[in-house]
Amino acid sequence: MLSNRLPARHSARLPSIAAIAVAAFLLPGGASAQEIDTGDTAWMLTSTALVLFMTLPGLALFYAGLVHTRNVMSVLMHVVAIACVASVLWFIFGYGLAFGEGNAWIGSLDRAFLRGMTTESVVEKMPESVFFMYQMTFAIITPCLIVGAYVERIRFSAVLVFNALWLLIVYFPVAHWVWGAGGWLFGEGPRAEGGIRDFAGGLVVHTTAGVSAIVMAVLLRNRHGFPQEIKPPHMPGLAVMGAAMLWVGWFGFNAGSALASGQGAGMAMTATHLAAATASLVWMGIEWMRHGKASVVGIVTGTIAGLATVTPASGFIGPMGGFLIGIAAGVVCYFVTQFVKQRLRIDDSLDVFAVHGAGGMLGVLLTSFLASPTFQGLGFAENMTAASHFVVQLKGVVIVAAWSAVATWVLVKVTQALVGLRVSKEEEYEGLDITAHGERAYDL
Amino acid sequence: MLSNRLPARHSARLPSIAAIAVAAFLLPGGASAQEIDTGDTAWMLTSTALVLFMTLPGLALFYAGLVHTRNVMSVLMHVVAIACVASVLWFIFGYGLAFGEGNAWIGSLDRAFLRGMTTESVVEKMPESVFFMYQMTFAIITPCLIVGAYVERIRFSAVLVFNALWLLIVYFPVAHWVWGAGGWLFGEGPRAEGGIRDFAGGLVVHTTAGVSAIVMAVLLRNRHGFPQEIKPPHMPGLAVMGAAMLWVGWFGFNAGSALASGQGAGMAMTATHLAAATASLVWMGIEWMRHGKASVVGIVTGTIAGLATVTPASGFIGPMGGFLIGIAAGVVCYFVTQFVKQRLRIDDSLDVFAVHGAGGMLGVLLTSFLASPTFQGLGFAENMTAASHFVVQLKGVVIVAAWSAVATWVLVKVTQALVGLRVSKEEEYEGLDITAHGERAYDL
Amino acid sequence: MLSNRLPARHSARLPSIAAIAVAAFLLPGGASAQEIDTGDTAWMLTSTALVLFMTLPGLALFYAGLVHTRNVMSVLMHVVAIACVASVLWFIFGYGLAFGEGNAWIGSLDRAFLRGMTTESVVEKMPESVFFMYQMTFAIITPCLIVGAYVERIRFSAVLVFNALWLLIVYFPVAHWVWGAGGWLFGEGPRAEGGIRDFAGGLVVHTTAGVSAIVMAVLLRNRHGFPQEIKPPHMPGLAVMGAAMLWVGWFGFNAGSALASGQGAGMAMTATHLAAATASLVWMGIEWMRHGKASVVGIVTGTIAGLATVTPASGFIGPMGGFLIGIAAGVVCYFVTQFVKQRLRIDDSLDVFAVHGAGGMLGVLLTSFLASPTFQGLGFAENMTAASHFVVQLKGVVIVAAWSAVATWVLVKVTQALVGLRVSKEEEYEGLDITAHGERAYDL
Amino acid sequence: MKLITAIVKPHKLDEVREALTSAGVQGMTVTEVKGFGRQKGHTEIYRGAEYIVDFRPKVKIEVVVDDGVADRVIQAIRDSAHTGQIGDGKIFIADVADAIRIRTGESGPEAL
Amino acid sequence: MKLITAIVKPHKLDEVREALTSAGVQGMTVTEVKGFGRQKGHTEIYRGAEYIVDFRPKVKIEVVVDDGVADRVIQAIRDSAHTGQIGDGKIFIADVADAIRIRTGESGPEAL
Amino acid sequence: MKLITAIVKPHKLDEVREALTSAGVQGMTVTEVKGFGRQKGHTEIYRGAEYIVDFRPKVKIEVVVDDGVADRVIQAIRDSAHTGQIGDGKIFIADVADAIRIRTGESGPEAL
């Protein structure tokens, strides 16, 4: 049975449809007499484009702007290549492993190469092809987020090997656990009784990526000269451009996760936007207080922190919840960046853990409280309270974080053994653009 | 009663729906049994993303490309920060003040913090959350347009204070006057008798921003060395990139203002596009005649002029109207840029008045004629002719321009008293990027 | 009778709708009682924005990043100006010539200036205005593709004259032949018996542009110093940015060509994406094998090759077909770039023929095989086999390529006679930015 | 002949150029440089960390002149580049053995 | 030793470099500069205003050579950078007291 | 006074600057340059073609010092810029006739 990634409330509101959709995937070949809704499909086609846009060019530019001139092309290459690898793997077996009918731990290979998908296959009220594509864009962006941890020093072959393995061992399974119909986190008790809530990927996307990022950074060790010799971003305007694209694209990420063009999408978009705007202003305010001025990279880092943090909650909360998450995200993520870099001296170069890991986990936990109608939230499943739900969420955070950390540790070691991790010191000084890709970013 | 921002003709075509929508907001808590249309909702979700995209990154890049290297980050900061402030204010009270049921002058605070919006609230055939978000993107872009008037010399704290006040005193009220159901301009006589026509913001967006821009520029005074020492754009390609994004996003701005996925949207998109393309070529032609060559910044300035000018008309005219507006926009806006900068010697640095103010007002006036079926227009309300409608439009232009000018004058003075307006001469030479934000745009 | 650009299979699936749509255009003034579908319309409005986005800023940036610093503005200018000219011509007579009821060779002028289009006109299930706009975006991008062949040496007036003529003599007719209801290629035998299949423009867009590009390059002759003195791209990151935008926009191009929000769109998007990702990796692999490293410009060139190649096939094939096309595109387009530049020594500067021409023709031919259910394809019309269909496709390729070549040859000569083709050697060294447009791309 | 090298504030370039042409100089060569000196640098912020950037943007103007006009040229630069604030820059004077105009092959003062 | 400084048109850089290596030069240092001279600048357009840009992009090639080969090197530059059109540029010759190779510590002509 | 010109690897700039200030130097001027020398260039790839780029990014440090401290300064540069690998760069020493501080009009060693 192929999961439909319906968060509890959502499916509660659409029981009959869920039933039909599920039925569809029990039919041989996925055939179904179910009708699609052209409006829902239009929004999901658009959301797919928006989420791809987040990665390419959004995230690629965001990261490329933050590194030094001599590593710009390498960052772009990492993002483009990982996106391609993830797309092909998703087609070959990823989709089936994540959403195919399997057991509590993993889907199945029955859907490998999209076997059984025809022009009649329907998921929710959209063509299965659209569902496939939409979910693929999440499998694309997640490993790309980790790029920020290892820029400016990693071997390109290590990027390819690590990420292919990571998708297999971390992303596809965790997506199945949390979003797959039979997944053990998703399925802990029927949804109506309050399974874990991760609307658009606080766990599946941001926790996995953020935790893996910091483990990777530790194992790969710091860039030479970190932190004294590390210079500020070579072109912060590129990062702003990328952040703006991420913001716009995130509407597809969160509002698209409603899987329909309706109230759920509208509310998710509202909460998402308010969290982003609020976190931006909070980050700006903190910088102003601490440095006497506020930077542009700062404000947009706040934006991304707000967006990452609201992600798991966006389908369960109201506008006020978005606003409050924005405040929490701005404060927490800011101080985690300081803690990781200045205290722990870990060169998670572009702060993937601080922004996505901390943000994602924070958001998952806050979902328990902010879903409460007190904060305009959409409420809890029967028998659940904010407190009891917090336990469920916390459990999810611990499990996913632990799995991501352990698996990444092993995969980095495997990658090191297979192709080596780091470039030489000379190559690092020369820059990866020329040494690894034979290109220079600027010839003005 | 919450307004639905229905231009006269539009509502005339959809009387029953308007009635239902209006009814919805009379119910306590905004609850309604009305159904949404998934197709309309999909287009409005998309349009919301498109209009946000216009500001971030579109407008930010457009403006950033036109300034000097040392002020690039500051321009990006202005746009991002204003966008965030506008979003939060819109949530806190802006939405209610603009669209809430109040009197002829202002909405109400009943909808502050989106009180009363539930997942059942419907406006037109979309969730109220989508309507809220869509209208918010207009409140975001309007103050950001003014940025072009004061770049390279303003204090960042002045930007924040001025724009927060400006939204409160200019934007929210004017939006209510023109688009609010009970607004005095909107409501001057029942719509069917021909209230003012401003489809997507010729008055509410472009006239307010453009007029405020020139008043601000006068009060702030010129940049040091203006006009002799002022150099051409530091990276015109960025401006082209931004202009292209504005063009694409404007489809959401104008075609989205139909508030539905149908004939109104299609026609508005067509007129919008033809105006943009035509104005571009006209501007190019004028430059070619005057300088013997045509510049790229020129052609895309023509694009923006065409888009701003067609904005108020786009829902009332046909393709031929768009084409004719393009011609008028190219000629008029070109010569206004010359007049303001070379005759009046006013340093409205990025020509906000010439392009948006002049364009917006021109478009509002031309709407009276081009709505005529002679030009493929959609016609007039009963009892109205092009001439009688021109009077209505002219009145609107005068009132909105006057209010914007007076209010801006006062607000600039208030801002000056509170936090000061200009940076020091040394900071101006050094550039705002380093002095105000601690960043450099390029470290190549 | 206005064609609906329905590929054979598509129309076969929707006979009644096609009938209604066709009927609509026989009514005086295009009036029709047919209803639009808001979901389909939403997707087509979105697709229109996406395809415009491909050109502006996508293609403009892709090309601008690949040239030298001194010609950046000129490339942007070419793309913007051609887009505007194409838009206005499409309005004046292009739409009618391509889609109006005419003979087998050309449409008609009856629809000049969009005469007869009202807010009631419907095509398929969308407003005619949306159909007009969507098809216009194809007329915009096609001549812009050719820009890559003549950068860095052409006179701007030649760009304008050549492209206006080219639209008239090549694009509008070929669009009519292939997509117009009465077009001789389209209509060769009733569709059900297997007319030519070009879903989204392998012939109409890529073959015309690619073949014309190489003819233009030959006639214009190489840049001075080609190939020894030609330097690598001045800012490959811009090209990556543009390529990413093209990728995202291509979802509108191919999935939008289904003209509806449904299964056809979803499948086309899936095949398109898989072809892009796969071709990227193949190109990367070839570079790695040949040079010991892979470049970023290389991988994204592979992306574009994959996208161009899958274009004609995207509505007829399944995911596996997309994957296989990706492999073919990566290999073939790579080696054609080598052949054209290194063997033939033709300075098709940005490889328009190799990527679009070769890719487009390859895709048209492969459509015959990959439409087979063996490869998850959607099958053939009655009486048709892969082999018999291959003959039809091959004929189409030969005819369109030949017409494009001959017509371009003549038009280049005409342009040369009217305004001259090339700038002087001094201007070429100085760069077109300053000499032709009075601008410099960077003043850092 | 003398090579006069002036390192000045970027926004003074136009003034200096005009002063030089008024002083009869027919050609000069300008380079964007980064200066380190008594004028302290500035602080940049990046995600909570502050970076001291010691170098400030400066412009280097090189002009080769005949010995006779050197003093006039030096004076012209001093006057036009002067603001009185730290960081105004330096002028260095060095000897040049010969100058050649590539176009004509002229050498010595005629080549300037 | 002599420091030979040549200011030439940007598109001539490759030719000059080749001529210099043919003339036995083993190293050189190149800077992108802006030149002001007899060759007039160009006009830029920005929204109806015309800006005169007096400076033109040039390339400065600095090469330190032993006295004995100076003339040959100068000749090589002259020949390769020459187009005969205004703006071809200048060559300046100055004395260098010493040169040191950082890697080895060698000094004098051996360091070149 | 002496003009000491050092061409070094870009990532050595900070170290050299620190060494110079330790050696008592109060000011210097830095230019980004492209170096050609024994250290060979690199290969760039563009759509199947390989381009040899002969020039490598280098940094040129110019510092004018009083004759007395020249040797100390040269030594400081040598030590701090040294990696022992080809391409470490050169130091050139030339005479400077005079130096002037624009702000104050001081000249000679006081101006430094």
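Lettered A, B, C, D, E and F in written order, each chain numbered from 1.
In this section, a contact is a pair of C-beta atoms (placed from the backbone, for glycine too) under 8 Å apart; a residue touches a chain by one contact, two chains touch by 3 or more.
On a predicted model such as this, the values are computed, not experimentally measured, just so you know.
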Fewest hops from chain A to chain E - one hop per pair of touching chains: 2
Between C-E and B-C, the pair joined by more C-beta contacts: B-C
Repeat of the C-F interface, chosen from C-E, B-E or B-D (over half of contact pairs identical by residue number): B-E
Length of the line joining the C-alpha centres of chain A and chain F, rounded to whole Å: 46
Chain A-chain D separation of Cα centroids, rounded to whole Å: 52
Two or more partner chains touched - positions in chain D: 31, 43-46, 50, 85, 94-95
Residues of chain C touching at least two other chains: 37-40, 42-43, 46, 231-233, 261, 291, 293, 295, 297, 437-440, 442, 444
Chain pairs in mutual contact under the definition given at the outset: A-B, A-C, A-D, A-F, B-C, B-D, B-E, C-E, C-F, D-E, D-F, E-F
Chain E-touching residues of chain C, taken from the complex the two chains share: 229, 426, 429, 434-435, 437-440
Parts of chain A lying in touch with chain D, wherever the complex brings them together: 227, 231-233, 287, 290-291, 293, 295, 297-298, 301, 334, 337-338, 341-342, 351
Touching residues on chain E, where the partner in the complex is chain C: 9, 11, 14, 42-46, 50, 53, 85
In the complex with chain E, residue positions of chain D that touch it: 3, 17, 26-31, 64, 94-103, 105, 111-112
In the complex, chain E residues that touch chain D: 2, 6-8, 31-38, 54-55, 58, 60, 74, 77-78, 81-95
